[in-house]
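Below, chain A partners chain B and then partners chain C, in two separate complexes.
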Partner chain A sequence: MHIMEGFLPSPWWQVWFLVSLPFIIIGLYQINKLVQEKREALPLLAVAGAFVFVLSSLKLPSFNGSCSHPTGTGLGAVLFGPCIAAVLGLIVLVFQAVFLAHGGITTLGANVFSMGIAGPAVAYLIYKVGTRAGANTYATVFVAAALADLATYVVTSVQLALAFPGTAGFLGAFSAFAAIFAVTQVPLAIIEGAVIMLVFKYIVQLKPEILTRLNLLSESTIKKLQEAAA
Partner chain B sequence: MKHGMEIAVAALIIVFAAVFLFQDAAIRASLGEGEEAWGGADGAAADLIEASGYEPWIEPFWAPPSGEVESLLFALQAAIGAVIIGYVFGYWRASRKTA
Partner chain C sequence: MYEVLEDFAQENGLRQTSTSLKLLIGLSSILLCVSSPGPVAPLLVAASMSAVILALAKIPARFYARILLIPVSFAVMSIAVVLFITADGAVLIEVPGLPLTITTGGANLAVLLLARVFGGMCSLYFIALTTPMTEVFDILRRLRVPTVFIDLAMLTYRFIFILIEEAGQIYRSQVMRLGYGRFRESVQSFGMLSGALFLRTWESGEALVLAMDARCYDGRLGIPGDARPVSFLALAAALLYIGAVFGISLCTGGLVLV
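== the complex of A and B ==
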């Protein structure tokens, strides 16, 4: 999903910076609040950020002869919401842009939007709707994380199609970019969903009190989940 | 089942690896001389854009000088993340046992 350095012409790179900026500001404000009011959740925030570090460094071969990487932002989004996930995504994207020439400084705004905001927003909404509807918690986390991964790559395709409609127009360009990004991503999204579901299970087992503190799961749901695993 | 989810995830990863090995054999058989499969999707998108005549207007100010240095930095990125995850989960597990 990384749009390489210099691959977004003006005005698009500025537009995506402006779109992403408010989410980052709200995210920093929310982290600040977390530090002051719910300090015990900080190790969980570190885990969510570390997860993005690990998963986004793994370039996995898909079925169609090209490689891509999962994003790992689904966990942070489910636990802390899309704005904090945007800050986590920003940290990783800066690391990759500066040290790896992977992505870029001018395309940072666009990449933060796809990986840090759009994907996590999808995960967050699915988790909220799923838990409210009483769906199985782990299944909800799986779907949320998998679709967050996929949404990230769909949004990247949209961003590139907007900037490079070419002769085929927006829809034609979108299907060309989506063929590269989104199709490759389908199996990786499923793997990412499964891995994040597993990590969520371990959090429920090891530190359930943080999940109730963050108003993510009720005590009765946690009890049920722990009994099912025992 | 106690480890039902672990088994399911492991099975999924095995299927993923099997599909890769199967596809890799098929793709290699059809490759011409000097062609290489399994490139990155990011690069493929950049190639598609450059094919339309677009030139990137700015270059990265620093890029890893070789594939080896690049894989070092990617491994470092993964290692930083893995250390944090392992530390926190180990800390939680141990403090649960002593509590």
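== the complex of A and C ==
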């Protein structure tokens, strides 16, 4: 959920810019190094960014009538790591603000933190832990994507509660915001998990060399997955 | 599919105006809205920005009205929460049977937030509808933003439009084959769409690498920038406008430094 332009009051929008800044700087540094090693990395990162943008501008099928969209950045984090995903998230959020009027300029810092940093970091951690523990790859991807989506909304609730604690205090405000978002978001997070899992399945079946080249899955795991699907 | 605001940015009444001037006006209006302590200044910004968008940039009124509705769902949900959790001042309304009350403090805060969001969104639309992204890249370059970031943003920008087209085609053919009939099917179809899109994206990225290599790409994209001079009169008018809004925001609620 994008916090829109003008919603965060003065100390908070600057704070979230400052919090997001180090991640972006590390991400840019990593991209710079990657591009110097392999020139082909830049166009591939760009198409991944465009993919995240298009995916998040499509409406997810949802059964409760509310319209929402997947965040999509979880996939980027699993593929390239969380700091690079943060830079992609920043670019995508600027374009979303300017092309689609989702989000805004002053709230960019807060949105980058919730959607570009917190969500992808959760996805990345779960994916790493899951693959290391030898869990089922598809189940890991499902959990990673669904929890990344939820983490985004939890962080958004924290941001709103910090900015508007009201008289109920931070915890009271947080539970109010989280309750209202959780009701609308939990089903959508599950759908997003399922969708990203299907995307992963298509990649494994049709173009597994992407995953092996990025050192995400070994060839033996892919062979096992392909045999299981066949 | 969404109508992308960028289409209007390419051909509107203010297309030829200096990019830096438009960004100066838009961004400072946003900052004024966010830091204004009272609702008058943001509402003034909203009114003046809407007037400029409709009269000078000649954006169709019907389209503008529709995009103004985009942020409403988020605004309503979050402002409702703020309204109920702020218990400050006299009680205005009590919801019978529920521990929900609306107080004067909460209502004032809600009105202020609504005005800020409205003013901020109108200023954002002013930038989005009058300034093509390609010209913003040029400004970023002059501001010495890292080249790798600008190149990445430009390539992403280019691919967004190609991919939106492809996603639309896949989506329409899925709808024609009743791919979104039931809930289960729609999740399946949407996953298929995203998967196919990702693979096509990746392939077109690889094709782009080849094409760029064939044209001697050395890690740097060059684009010619064209600087349009800012007329003294336009700059003076812009500064006068910003100063006036700032003055009004000070008069209607005192100074807020941070």
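Please note the rule applied: the second predicted complex is superposed on the first by the 198 of 230 C-alpha atoms of A that agree within 3 Å, B and C clash if a C-alpha of one lies under 4 Å from a C-alpha of the other, contacts with A are read in each partner's own complex, and residues count from 1 in each chain.
Note that in this section contacts are C-beta pairs under 8 Å (C-beta built on N, C-alpha and C of every residue); 3 or more make two chains touch, one makes a residue touch a chain.
A quick note: this is a predicted structure, and the numbers were derived from the prediction, not measured.
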### Query
Which of the two partners, first being chain B and second being chain C, lies in contact with A:87: first, second, both, or neither?
second
### Query
Of the partners chain B and chain C, which touch A:28 in the superposed model: first, second, both, neither?
second
### Message
Quick check for you: in the superposed arrangement, does A:57 touch first (chain B), second (chain C), both or neither?
### Response
both
#### Entry: Touched partner set for A:187, first chain B, second chain C, both or neither
first
### Message
Touch test for A:46: chain B only (first), chain C only (second), both, or neither?
### Response
both
### Message
After the superposition on A, what does A:114 contact: first (chain B), second (chain C), both or neither?
### Response
neither
### Message
By the touch definition at the top of the document, which applies to A:195: first (chain B), second (chain C), both, or neither?
### Response
both
### Message
With both complexes superposed on chain A, which partner does A:11 reach: first (chain B), second (chain C), both or neither?
### Response
second
### Task
Quick one: classify A:140 as touching chain B (first), chain C (second), both or neither.
neither
### Summary
On chain A, the footprints of chain B and chain C overlap at residues 1-7, 9-10, 43-44, 46-47, 49-51, 53-54, 57-58, 61, 63, 67, 92, 95, 97-102, 104-106, 160, 164, 166, 176-177, 180-181, 191, 194-195, 197-198, 201-202, 206-207
#### Entry: chain A partner contacts - residues on chain B that touch it in the complex
2, 5-6, 8-9, 12-13, 16, 19-20, 23-24, 27, 37-46, 48-49, 52, 54, 56-64, 70, 73-75, 77-78, 80-85, 88-89, 91-93, 96
### In the complex, chain C residues that touch chain A
2, 4-6, 27, 30-31, 33-35, 42, 67, 70-71, 73-75, 77-78, 80-82, 84-88, 106, 109, 113, 116-121, 123-125, 127-128, 133, 146, 148-149, 151-153, 155-160, 162-164, 167, 171, 180, 183, 186-199, 201-202, 204-206, 208-209, 212-213, 217, 219, 256, 258
#### Entry: Interfacial residue positions of chain A with respect to chain C in the complex
1-11, 13, 28, 31-32, 35-36, 39-40, 42-51, 53-55, 57-58, 60-61, 63, 67, 75, 87-88, 91-92, 94-95, 97-102, 104-106, 160, 164-168, 172-173, 176-177, 180-181, 191, 194-199, 201-203, 206-207, 210
### Task
Going by the contact rule at the top, pick out the chain A residues touching chain B in the complex.
1-7, 9-10, 43-44, 46-47, 49-54, 56-59, 61, 63-68, 92, 95-102, 104-106, 138, 156, 160, 164, 166, 176-177, 180-181, 184-185, 187, 190-191, 194-195, 197-198, 201-202, 206-207, 229-230
